[in-house]
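Please read the structure below before turning to the comments.
By written order: A, B and C. Residues from 1 in each chain.
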Amino acid sequence: MLAWVLARGMFESRLQYSASHAVRTAASVIFGLIYASIWKGIGEQHALGAYGQAGMTAYIAFNQVILWISFTRRGLGLEERVRTGQIALDLARPTGLFAFAAWQEAGFILYNALFTSAPLYLVYALLLGLPVQRDPLVWLWTVTALAASAFASVCIAYLIGVAALWTVESRWLDLFNYTLNFLLSGFLIPIEWMPGPLRTVAEWSPYPLFQSIPAQLYLGKAGPERLLQSLFWCVLLALLAAAATRIVKRKVEVQGG
Amino acid sequence: MKMVEADGLEKSFLVPVPAKGRFRNLRGLFVRPARKVQAVKSLHFSIERGEFVGYIGPNGAGKSTTIKMLCGILHPTRGTVRVDGLSPQKQRQQVMRKIGVVFGQRTQLWWDLPLKDSFDILAAMYRLDRTHKRRQLDRLDEVLKLREFWDMPVRKLSLGQRMRGDLAAALLHDPELLVLDEPTIGLDVVAKRQIRDHLKELNGRFGKTVLLTTHDMDDIEQLCRRVMVINRGELLFDGSIDRLRERIGLPTVIRVSYRSEVRLPDDLPARRLPFELIERGPREVAVGCNRSETSAMDVLRVVGEWGEVDDVRMEEPAFEDVVHRVY
Amino acid sequence: MNGLRIACMLYAANVRARMQYRFNFLLFTLFASVVTVAEFMTLAVVLHLFGSIQGWSIWEIGYLYGVLMTAKYVYRAFASGVNNFEPYLVNGLLDQLLLRPMPLLMAVITSRTRMVGGELLQSLAVLILCIVRLWRDGRVDGWIVPETALAVLSGAVIMFSVGVATAAAGFWITRVDDLSVFTDNAATTACQYPLSLYPDWLRTFLFAVVPYGFINYVPAMYAVRGAWGIWAIGVTPAVAAAALAASLALWRRGVAKYQSAGT
């Protein structure tokens, strides 16, 4: 099946970069330890709400683990394809541009999941006592949330790639997206603890999908009703992506690729 | 003192060999087998001041490696090279003040700034005072006519203009040796001729020693009095163009057209003729031979047997083909 | 000194080249500021929530942040070419730079200039604000100004040295942009908070391997917390000098290797 071939192709090309990936995993562990230490230090003098010290450590650790699942290539490489004119070929394919780009990215994400997230999970379970959940339902909700997170991430990257065709280079939009993600996804601080206005902005954004929702589901701090928020954003972003594809098609036809 | 002197110059690289086998990706993480590749094998040559030398060879022959060693970018594995008596490896900065380098594919100029800014910067880097810079630019302008596009950003210049700018940049600090790596690549015929004229003048009028690497044989024919041919890291030939021609012989193509159908004898390959059959049409053949070995009469005698000869034409080979035979 | 004049000229040329693309230039300034503000906001939210961390007050932690980030942007202003070094190795730019009549490191540093205006302003603002507050609370006296200046300048040298060492590693392993996430990003993030928070081995790392701990924590322990003696002020410049010497030696070895082996 074409999608499988695409994903596998991406997967294998990633296998080439094993050395830098090892460094990246190590760096991820360091960052996790840094944040966990900070929260531990805070926890010595302050109560940490519903999480407690152990809970915050687990929260930070799990966020580090799943970080790589929502990590995509900038603008899904669309800008480059437009520059080289390959986009015309992509649009002519029966699979459709979005599916094509998304499946390629799926291979990339799968690689990250297997070779970065999984080892990190083990490391954190051993090093920081990240709880290994036994309840299959918890795993079900978490994995669903992660699938939604990956999908949403791909959609956003796609929209960035498309937007870059008219406006600024994709790296600015990507940087902007990254910054918002960093601030609003609950990566370092649970969203419930953010000051009022910031919290409101975060909860109305898609960013909790990437960290907060999966982490809360995994740690049992929220129930599966949170997945409704994931679903909502996935549907919305998919619709936007479809609209974006149509716009790209029209632009390429008009410009001649 | 000679301008350039290479003695037993050698350069080997360790090239990683991609692992094979089932767990090649995993193994590649830990062990990277490598094999030794000799890019340059013991070169001996010297270049006097004022010479215009062509340095040719197929891709991967070792030309750019030689040039990099000349400029001090690479250290030789063995042997030495000296530029005006100095070692590019030990005294790189001093040597670079005596050399001007132009890479055809890459520019030394500042891409986004007007051309004149590049010269201001280079003058500062080479510590040229204002009068020297002015004087040198005036002299270069006579030859290269830079004033026309002095204020334009380099990225907006045509390839020919940019090449002229690069030549000026390479000569701003008045080096004695000019090293050119494919300077005419990508230029149209008119621009090529202009650049060649400029180079001729720079060599003739200003007495610059020039080492020119190129794939364009017209460059060689029109500019160089001396040619060095390198292939697979070895210097195959070092001498004048005429001697090069002599050495390869005079390969010629003789085209014979016939009044009727050409009838080639059946045992043609077995005959061991002193020429080779290049082309064959219904009423025409083209044969290649080396006229320093075989006379035209001998050839005609044989091909005359194949039919009624109508017309005979001789083609002098392109210099390109001549040289390829040395490879 | 002549070398300085040449360097300034090259910096100016880089800036002018950037400004040709006005749109991109403005965007970069804008987005760079957004990123730094976001980073700072995380810290600010944490402090806002909890008021103090392990006995370090908001202003003390803000001081740590201010010294560190100001040092970082001073370093970036002068030597950002060293920071993203991988492209130089991969794209053959080093050969071109070796043609220039100056040491390779100088050519690398002057080949690219990063605009740090907005970010530098922000970190200075935080630093000055915290110093003022600490002074008003009677925690520090007038000496804090020269002490901080020394810390910032030494810090810039330490960060530069680590940057050079990381870049030099590229002559052996090539993929140094990943390594610098380690030696630059991770170390910087960690040192924004008091080092007493971290396990022993990490603290040792931040003193012995990537000595960012000397940039803000050590001076602050004397100047702001009054916990350590005056030697704490002198140690940072000493570490900076040693780090610089070591990294330059590594760089020289790396260049020699590059010239023997090529790419």
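Side notes on the structure shown:
Methods note: a residue touches a chain if its C-beta (ideal position, glycine included) is under 8 Å from a C-beta of that chain, and two chains touch if they have at least 3 such contacts.
No experiment lies behind these values; they were computed from the predicted model shown.
The pair with more inter-chain C-beta contacts, choosing from B-C and A-C, is A-C. Of all chains, B has its CA centroid at the greatest distance from the CA centroid of chain A.
Averaged C-alpha coordinates put the centre of chain A at 52 Å from the centre of chain B.
Put simply, the C-alpha centre of chain B and that of chain C have 46 angstrom between them. Per-chain Cα centroids separate chain A from chain C by 29 Å.
Multi-chain contact residues of chain A (touching two or more other chains) are listed as 19.
Chain C makes touch with chain A in their complex at residues 23-24, 27-28, 31, 34-35, 38-39, 41-42, 45-46, 48-50, 52-55, 173, 175, 178-179, 181-182, 185-186, 189-190, 193-194, 196-199, 202. Touching chain C in their complex are the following residues of chain B: 13-14, 65, 68, 71-75, 77, 89, 92-93, 96-97, 101, 103, 106, 108, 110-113, 117, 120-121, 124-127, 153. If you check the complex, the residues on chain C that touch chain B are 2, 5-6, 9-10, 13, 16-18, 20-21, 95-96, 98-103, 256, 259-262. Chain contact summary for the complex, chain A toward chain C: residues 19-20, 23-24, 26-27, 30-31, 33-34, 37-38, 40-42, 44-46, 168-169, 172, 175-176, 179-180, 182-183, 188-189, 193-195, 198.
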